[in-house]
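The first chain written gets the first letter, and so on, giving A, B, C, D and E; residue counts start at 1 in each chain.
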Amino acid sequence: EPVKVGFAAEPYPPFTSPDASGNWEGWEVEFQKAVCAEAKLDCVITPVAWDGIIPALTSKKIDIIIGSMSITEERLKTIDFSDKYYNTPTGVIGAKGETFEATPEGLKGKTIGVQVSTVHQDYANKYFGENGATVKEYQTQDEANNDLAAGRIDAVQADAIALDAFLKSDQGQDCCDMKGNVKDDPAILGAGVGIGLRKGEGELKGKLNAAIKAIRENGTYNTFSKKYFDFDIYGG
Amino acid sequence: MTKPAQAIAVTNLHKRFGPLEVLKGVSLTAHEGDVIAIIGGSGSGKSTFLRCINMLELPTSGSVTIHGETIAMKKDGHGGLMPSDRKQVQRLRTQLGMVFQSFNLWQHMTILQNVIEVPVHVLGKSKDEAIETAEALLRRVGLFEKRDAYPAFLSGGQQQRAAIARALAIQPLVMLFDEPTSALDPQLVGEVLTVIGDLAREKRTMILVTHEMKFARNVANHIVFLADGVIEEQGSPDEIFGNPRSERLKKFISSIH
Amino acid sequence: MAVDSFINWGLLALEPPGWGGVLLRGLLNSIQIAIGGYAFGLALGVCGAFGKLYGGPILRDLMECYTTIVRAVPELVLILLLYYAGTDALNHVLNLVGIGTVDISGLAAGIFVIGVVQGAYSTEVLRGAIKAVPAGQIEAARAYGMSPFKVMTRVTLPAMLPYAIPGLSNLWLIATKDTALLAVVGFSELTLVTRQAAGATKAYVLFFCAAGALYLALTLVSNVFIKIIERHSRRGFVEQA
Amino acid sequence: MTDATPPDVTTHAMAILPEDLPTAGSFFKPHRIVLLLIAAALVFCVVWFMRWDWLPQYLPRLGHGIVVTLAMLFSTSILGFLLAVPLGLVQVTGPWPLKTLASGFCTIIRGTPLLLQLWLLYYGLGSLFPQFPAIRHSFLWPYLRESWPYGVAALTISFAAYEGEVMRGAFAGVPSGELEAARAYGMSRWTLFRRIWLPRAIHRALPTLNGETVLQLKATPLVATITVIDVYAVISKVRQDTYITYEPLLLLALIYMCLTGILVVAFRHLENRIPTRGA
Amino acid sequence: MTKPAQAIAVTNLHKRFGPLEVLKGVSLTAHEGDVIAIIGGSGSGKSTFLRCINMLELPTSGSVTIHGETIAMKKDGHGGLMPSDRKQVQRLRTQLGMVFQSFNLWQHMTILQNVIEVPVHVLGKSKDEAIETAEALLRRVGLFEKRDAYPAFLSGGQQQRAAIARALAIQPLVMLFDEPTSALDPQLVGEVLTVIGDLAREKRTMILVTHEMKFARNVANHIVFLADGVIEEQGSPDEIFGNPRSERLKKFISSIH
């Protein structure tokens, strides 16, 4: 019985991105392979639209989500999560030459882009949107980055690592730089990223938790993480 | 002289379209070899009568017997009748070769395909046999050269002759003609009448609705004058045309000439 | 920089690192879905058209609801609804009858979704075409003793083809383009892979134009076949000016 | 003397038209009551058993979304139609270079998906603009920064291409005798076009225009994919905020059905103003 | 008796359609008050002649003079002529009220709108004035009640009468009729002929192409018989019908009766 692993069918480097031969690669792909191998699951990757990833899960088009999905209260109402497998700070980037801080005051009057239905959307709405900034929602992170580069928006809030990868790209280097990390709010930003799964699948959840623990302990996790990051992505 | 067998017997046929009673009790018997011409004014119910014989219209009451077999009918719950055995109707219809005023050839088939369609797909004949018969029939109506043409490319007269060949191909007991020439312009009428006249000479049983009085007189052995849903008068051509009795028929005949 | 990549034809190479192969596979997916969905839709359409014309009053009303809803609601919304709810409902039903859930592939779901939408459209096209067949042709078939089924297969269906073909060929072109809407449910057909390629390389104009050219080529090639089919089906019809 | 051109078969198959509306008299039949009861029960189940608690909170945004959708529909239909008239006309009478250009334009637009055209304009063209400082500093930039101009442009172009074909047929189909009569009474070319040819062509094309406008309404949700907040985008947001899958989509379908219904009823009124006789 | 002014003078008109020379030099003069009927077999060029007068067909050679003003023509480079001044043609056309065989009413306008269209939008009259004249005209042709109906809802005879009112509304110097009754069934012909007869009695200048010989004889003061692109014979009705000279005309007249 293969397990269908869902994630967003869009470039989200360095976690998931397609290459020209149609394969998906990135840190999260390697993580998924390691977990499945450890838990002895026969995993098939299934790209789906981010917008419909939770319906896809509940309607059994996919069985688990390994797609940088943060564990939040709101999501826990609908689906279940494994233990976290990474946690990173949230950053804000903006056009080079512009100087502002990643604070409600700094972003006042600016247009800030976030990916829709992410924790960043909720955070930006609460901290920036209610303090005089315009929050613009994008279906994919890539679109938000792109509109920043095109000058259509002033800032983008997202996962610091993903933003970092963008800043290292040709396009990112030319246009933008990091304005800093936002103040943490675990109630919104969540307790890290976990594997999403349907409620009531306790057995699978147990297997996944055990596997995450095991690869953390046997060093596999660190081995492939080193290829992508020069710091500990698992977080505190 | 022994009377030939009954081919068709219609008894006390009534047909009503909503409030309009078109046929008010019509009875008619055709024996084998009879050529019966039905005449009458427009709207007198001639077509309706013919269409009731092969159940294209369902009669309100009355019965139709074909070759001794009466079509079984049952009440349809709306004050009319409907066939109780669809299979029987389908079978009996293959004994009635209807030729329509507007030909109604199947446009997506060639003439030959039109003619072999029913023998092959309804009567279950082999295709070769059907083609052989069909070609003989087409030769007879003078359309052998046109057998691979599509109907739309034929003149009206040619189409009507093809329709006659199609009806003959099912080797019907009776041929029913509903004004087979009235959709044709005068030039083309002749060719169709010639073919029908030939059939009459062969003693093929036929019932024809026609407005061509001269032709009816020459070809039919019995004329039925329908008026207002009843048979107003019937008899031999000489009686009907030479010595009409009812006022209506007199008026009708004088209006034709 | 984007101006450079805009003319970087190497990105379209068939072998990686060019993305041409990916695009072609996406096109293949699109074509598969279009063919499958179109065929499924046509089957639905034949049933729908006959149901609407000859069915009982209840069947007729149900068909009417089906075609009305599909014709009143945007394809994009229908695709979302059917994609998520349709497969869900199917599994529920299967569960109820005790067969257990089936694994519905993206391809099957895509075909199903496009098929349901196309089904409503082709119902209408075919219904119009059947109504255009002169009544006398059908009457003649009945007069010679054909059974209703024979009348349908031997006369009604073939005779309505010339009236249906223009509409059906347009529906085919629509089916090929509607596959693009499956991009919003993450199905990797041509439009989605194009967006991925464009996103990964930032060569938006190049890739969108390339995909446009592929769709256009599909349309133009289809048109050639449609012309041939049309000519064949119109044999027996006098050309109208 | 029938002159009512039936709408293009495909348009009719894809869009509800005024003639599809039931009349009050013909609608009520015994079995319909049973069907209506079943439908009512179904609606009751949907309302009762599904989650609708999110609705009040989003109502203002839904209203705004509907306004955006309608604004998109009307602006692009009108602009598209204004483009379609010359597109149709040059295909009927223009010199061959214009004719080829116009028919090429129609073929290309009709041969490619609208979604792709939209993305090409927004992500493709839109991402080229900022690289030219001249554009970036022009008065246009505040608009080019927004996403709705790209949505309007794409929908307008697409409508123009489909409608251009329709108008071509309509222009060609105006009986030459009526044009000849206009000429015979000394009308100049412009008067003839303005008073006879164009209104007559529109008159002929009206049923198809109706259908195409309904199709245009059905195309508007695509603009949500480029961050225009129309009613579809609002519903997407509801889904993403609440993780409720079906209820918002059902509501969305209902909204579009109502919008289509209103549009169709409006067209029925419009059509009845100029009577045509026949089938 | 002083001769009234020239209304139309056509001199040596030739018209060629590709290889076919339809008009081979036709000259005709109509004075004010003349009613000229053009008769001739089918294909003899009657319609073409009429259409050349108001330049709906461009003549290959020859000239047309309307009320003393000759239409300026220039070579079109393909061996024919074309008007050198489009404005002049437009202006002169408003002096010729053409009535077409197939009515050619504008279907998207009511009858009244049809009639006021040219006065308002070409001649620049005020709308009120145009409506007043139009209503008087419509009353005259017996269509006042129908003024707000669309043409598709009128019978053929009514449509043709409306077309005549439309032509009269431009107050033309000459009315041109091209078989104004031949698209009508016999019942409807009468009403149209009555209207034209009334116009003739008022001494309105008219040129009419017609197949209604009896009517032509009663109404026209001059008959022109066109055959094979030339005027084979012309004269008063009595001469033409009572005493035809050419063989062709004799044959034509006998074939009509």
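Note that a residue touches a chain if its C-beta (ideal position, glycine included) is under 8 Å from a C-beta of that chain, and two chains touch if they have at least 3 such contacts.
All values derive from a computational prediction rather than experimental measurement.
**Student:** Any chance you could name the chains that touch chain C and chain E both?
**Tutor:** Expected: D.
**Student:** Compare the CA centroid of chain C with every other chain's and tell me the farthest one.
**Tutor:** Checked the centroid distances; the maximum from chain C is E.
**Student:** Of the pairs A-D and C-D, which shows more C-beta pairs in contact?
**Tutor:** C-D
**Student:** What is the chain whose Cα centre is as far as it gets from that of chain D?
**Tutor:** B
**Student:** Which integer distance in Å separates the CA centroid of chain B from that of chain D?
**Tutor:** Inter-chain centre distance comes to 54 Å.
**Student:** Compute the distance, rounded to whole Å, between the mean C-alpha positions of chain C and chain D.
**Tutor:** Comparing mean C-alpha positions, chain D is 21 Å from chain C.
**Student:** When the centre of a chain is set as the mean of its C-alpha atoms, what distance in Å lies between chain B and chain C?
**Tutor:** Measuring from centre to centre gives 46 Å for this pair.
**Student:** Give the residues of chain B that touch two or more other chains, as numbers and ranges in rising order.
**Tutor:** none
**Student:** What parts of chain C, by residue number, touch at least two of the other chains?
**Tutor:** Only 2, 80, 84-85, 183-184, 195 qualify.
**Student:** Would you please write down the residue numbers of chain A that are in contact with two or more other chains?
**Tutor:** In chain A, residues 51, 55, 58-59, 143, 146 touch at least two other chains, as defined above.
**Student:** Can you list every touching chain pair?
**Tutor:** The complete list of chain pairs in contact reads A-C, A-D, B-C, C-D, D-E.
**Student:** For the complex, give me every residue of chain A touching chain D.
**Tutor:** Counting only chain A, the residues touching chain D are 51, 54-55, 58-59, 74-75, 77-79, 116-117, 121, 136-139, 143, 146-147, 149-152.
**Student:** Enumerate the contact residues on chain E facing chain D in the complex.
**Tutor:** Its residues touching chain D are 54, 56, 86, 89-94, 96-98, 100, 102-108, 117-118, 121-122, 150-153, 166-167, 170.
**Student:** Quick one: which bits of chain C touch chain D in the complex? Just the residue numbers, please.
**Tutor:** Listed in rising order, the residues are 2-3, 6, 57-58, 61-62, 68-69, 71-78, 80-81, 84-85, 121-125, 128, 166-167, 170-171, 173-174, 177-181, 183-184, 191, 194-195, 198, 204-205, 208-209, 211-212, 215-216, 219-220.
**Student:** Can you list the residues on chain C that touch chain B in the complex?
**Tutor:** 134, 136-137, 139-147, 150, 154-155, 158-159, 161-162, 235-238
**Student:** Using the touch definition up top, name the residues of chain D that touch chain A in the complex.
**Tutor:** 123, 126-127, 129-130, 136, 145-147, 225, 227, 236-237, 239-241, 243, 245
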